[in-house]
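Okay, handing you the structure first.
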Amino acid sequence: MPVRLAIEADLDYWLPEPADILLQLEAAALPDQRLDSRALTVWSDHPIAATDGDEGMGQRCWARTQYRLMAQYRATVTVDRVAVDIAALPPTPPRALPGAVIPYLLPSRYCQSDRLEGFVRREFGGLSGGAMAQALLEWTRGALIYRSGVSQGDTTALDTFASRMGVCRDYAHLLVSLARAAEIPARCVGAYAPGVEPPDFHAVVELWLDGAWRLVDPTGMARVEEIVRICVGRDATDIAFMTVFGTAFFQAQRVAVHRLDG
Amino acid sequence: MPVRLAIEADLDYWLPEPADILLQLEAAALPDQRLDSRALTVWSDHPIAATDGDEGMGQRCWARTQYRLMAQYRATVTVDRVAVDIAALPPTPPRALPGAVIPYLLPSRYCQSDRLEGFVRREFGGLSGGAMAQALLEWTRGALIYRSGVSQGDTTALDTFASRMGVCRDYAHLLVSLARAAEIPARCVGAYAPGVEPPDFHAVVELWLDGAWRLVDPTGMARVEEIVRICVGRDATDIAFMTVFGTAFFQAQRVAVHRLDG
Amino acid sequence: MPVRLAIEADLDYWLPEPADILLQLEAAALPDQRLDSRALTVWSDHPIAATDGDEGMGQRCWARTQYRLMAQYRATVTVDRVAVDIAALPPTPPRALPGAVIPYLLPSRYCQSDRLEGFVRREFGGLSGGAMAQALLEWTRGALIYRSGVSQGDTTALDTFASRMGVCRDYAHLLVSLARAAEIPARCVGAYAPGVEPPDFHAVVELWLDGAWRLVDPTGMARVEEIVRICVGRDATDIAFMTVFGTAFFQAQRVAVHRLDG
Amino acid sequence: MPVRLAIEADLDYWLPEPADILLQLEAAALPDQRLDSRALTVWSDHPIAATDGDEGMGQRCWARTQYRLMAQYRATVTVDRVAVDIAALPPTPPRALPGAVIPYLLPSRYCQSDRLEGFVRREFGGLSGGAMAQALLEWTRGALIYRSGVSQGDTTALDTFASRMGVCRDYAHLLVSLARAAEIPARCVGAYAPGVEPPDFHAVVELWLDGAWRLVDPTGMARVEEIVRICVGRDATDIAFMTVFGTAFFQAQRVAVHRLDG
């Protein structure tokens, strides 16, 4: 059953010097998530400019400004998505993967999947396909404790594998790394979702299983039927809601996602 | 004036266990490099399967085998490319970049451009566009010593920035990182070229300047007019000639590129 | 001429769970810095326990507590030290070094001197001894910009070498790394000093030249004649004013160092 | 019952440029290991010079040479050591540790114990002292597969924690890191031992339990009663049999340790 969600996001940052800023704030228009209304306002010295997101999904927006950067996003989105039981999906051998998903098999800066192949082989060696994916999802969820303040912007999946703590970004990086180590293409997804505590931008995961990307939330905080995707990428580098080419200091930030009843 | 090149590449690896192998060995068919003849032979337990390369450039090939993996590539390629004086090209503000090149502005595993912004700003702060690109190219060429055996598969641009030594891969990673730190999109290119000493797969760089990718060789070993591109990507992860999902031991490898006269 | 300094340091941290805390807050009693008065007060659930510092210099103190950790240190110290012109000191070949200084020739976690040998050799290849030390000190001071908020607890000398920015800790790590790469033993020193802006614990460097440790401040903020040493070590790991075996959150912290006239 | 061992070690390296070399090859003379005979021969351009090892244990030796470095060590050692059941030893609170062992509680370059605190707390939270040490030893032995060629000189405990493979050095780094994360001081030990396969320098671990350093071999290859210690340190940096300040290429190396019967 479709779910209607109201999304609000507000950013307020301080830039001591003029800088280019790349924003990824807008819900993507996709078959399983329809934009009923949307408005992005960015206070910027130079006019903002929009471009396509990765994989043709969603939109990026450039701003250039000094001193204060403020952005406000408001949208109403109808999500019409059915959660799939990934455990039942058959394996796809790498040779049968479309070329476009192969980059998501490879290690990336925060998802050093090549370093985790030994662990995956030892602990989950007999599994493949959806059964493997499900096992890795459950392992990640069980092994980690959700805790703010223990990870940073440069925390990698290897760090999280050792610390066993982190936030949604860290859960996503670890699951993506484990999946790639198991030869399952995996990517990070920037998202909005109700139920995220504390409310913030959310990071979830898509796994390529049986010919399609399958959305999962390794933290378990959001229901797959209620996730609004913003953008996808190899890891946090690609899905950052804001990338500053220079220096920016946090002033304030607010994200709110509510279900609209009726 | 077009240049005709004969390319030979032979791989011989030992795989203790069955593994999937992703090969990127084939010269890409592109307007500025025409394939006159080509033959790829892979001795594999399972039939090989080809898919597109990144950015729709070139071809990848999957093999799956145990024990011995042998591959042989032979091609004749006509390169018809004119070197451009990059120093004269005007700057493009980030907001004017096509969406498809934005990923090449972002840091990646081996090209941590975000960490080099401070250096680039301090040393090259007044430059932009082609003048900046040329300055970074010359700096890289002058600062590094070409030496085998000092870098490894996990050597990053930051490592090379400190050690001041490396091979073509390290030169490419450092120039790509510096360019991205200067807000110039930059990508790594896997290539064949005559003049590479010792003869091997080569890694060069493409910089996005004035609306197009511009090929440069930071090592200075190959002439731009004689480089045959295999594939492109964010860093060595994407342009590896061979990615093994498992373990492989080097047995023998040979690359030879010769000019065909007349 | 001796200098009298009044030192005040106050820590206030929050510990969600019981944890062991290692404090290094006390000025060391040494021939060139005399303790006129001192008082350390730690509010801790368990009685505190003192042990020797590294190299027999200074004191460490253990506390164990939950919820709130508060510590207050007050001291009056007379520093009687003459700054030495290090540039004039002769080189010591490694073979002539006492065994006890050899660990300070080796790389450590935040001072990866082995990675910087290439840079030091290329840029400062003809120098040795005090002339080398002076050149590295001046290079570090000139290459870096003092800036808070750009480095973190896990920032290494390699990071700083690339970012060209940081605080006293980063300056110390970089100079120590360059010196070790030049085969000059170097260690980090935790210190109090007037003139540090903003006032805080300070980190400086000791270089082993001509048979003794020579104190230098790579930031240039403190005069060698006014530095009060707390402890020494290989890098920030060893000289941290507080090491928590568990989790602690910053509440408040204050350091003040004043000259006492007359 | 005492064990008599014959030790032979031969090094042969190539140095393209003159370099200082620090060697740690000699069995340490200690109460539980008596040197019956010993001879170290180093072919070096400059006379070699000996200094003390870390913690006053063993000997280091400096050489300086170009082109070929050859070293030969021969010794006969009687080991008279009784293995202790570490599982039965009581815990020591950090506050009761001697100052000299505190550095071995702190993280080091290859033993990033601070990153593994989360894992240790989650998996072994209720244990302490010898019971904790025994659990960590057994976990390390069970979790890792002994395999050459998968780790390198810059492989860290975090890498090994993820790859689940490595050689003696990697086993030692991981156990040392886990122990420090559990607030048990731990150090790496360079050693000779019979039974090491393939024969080579060995790396084992000492844990500080109940007031003394307790020797353990996380690989399980050597019996505690037959290990001959060379030197100790925080990690592989300190216990390297050879540290080159410059570049050296491996030519040949041989280590042999035999039991002398009767």
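Order of writing sets the labels: A, B, C and D. Residues in every chain begin at 1.
The rule is simple: contacts are C-beta pairs under 8 Å (C-beta built on N, C-alpha and C of every residue); 3 or more make two chains touch, one makes a residue touch a chain.
It should be emphasised that the depicted structure is a prediction, and the values quoted were computed from it without experimental measurement.
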Is the contact between copies subunit A and subunit D built from the same residues on both sides or from different ones, judged by whether over half of the numbers are shared? same
For subunit A and subunit D, what's the span in angstrom between their mean Cα positions? 43
So, what's the distance in Å between the C-alpha centres of subunit D and subunit B? 41
Distance from subunit D to subunit C - Cα centre to Cα centre, in angstrom: 29
Residues of subunit B touching at least two other chains: 112, 117, 150
Chain touch graph shape: choose line, ring, star, complete or other and state it. complete
Would you tell me which residues of subunit D are touching subunit C in their complex? 20, 22, 46, 48-49, 51-54, 60, 62, 64, 93-100, 102-103, 105-109, 112, 117, 183, 233, 237-238, 243, 245-246
Which subunit B residues qualify as touching subunit C in the complex? 112, 115-119, 122, 143, 145, 150, 158-159, 161-165
As the complex stands, subunit C meets subunit A at residues 149-150, 152, 154, 247, 249
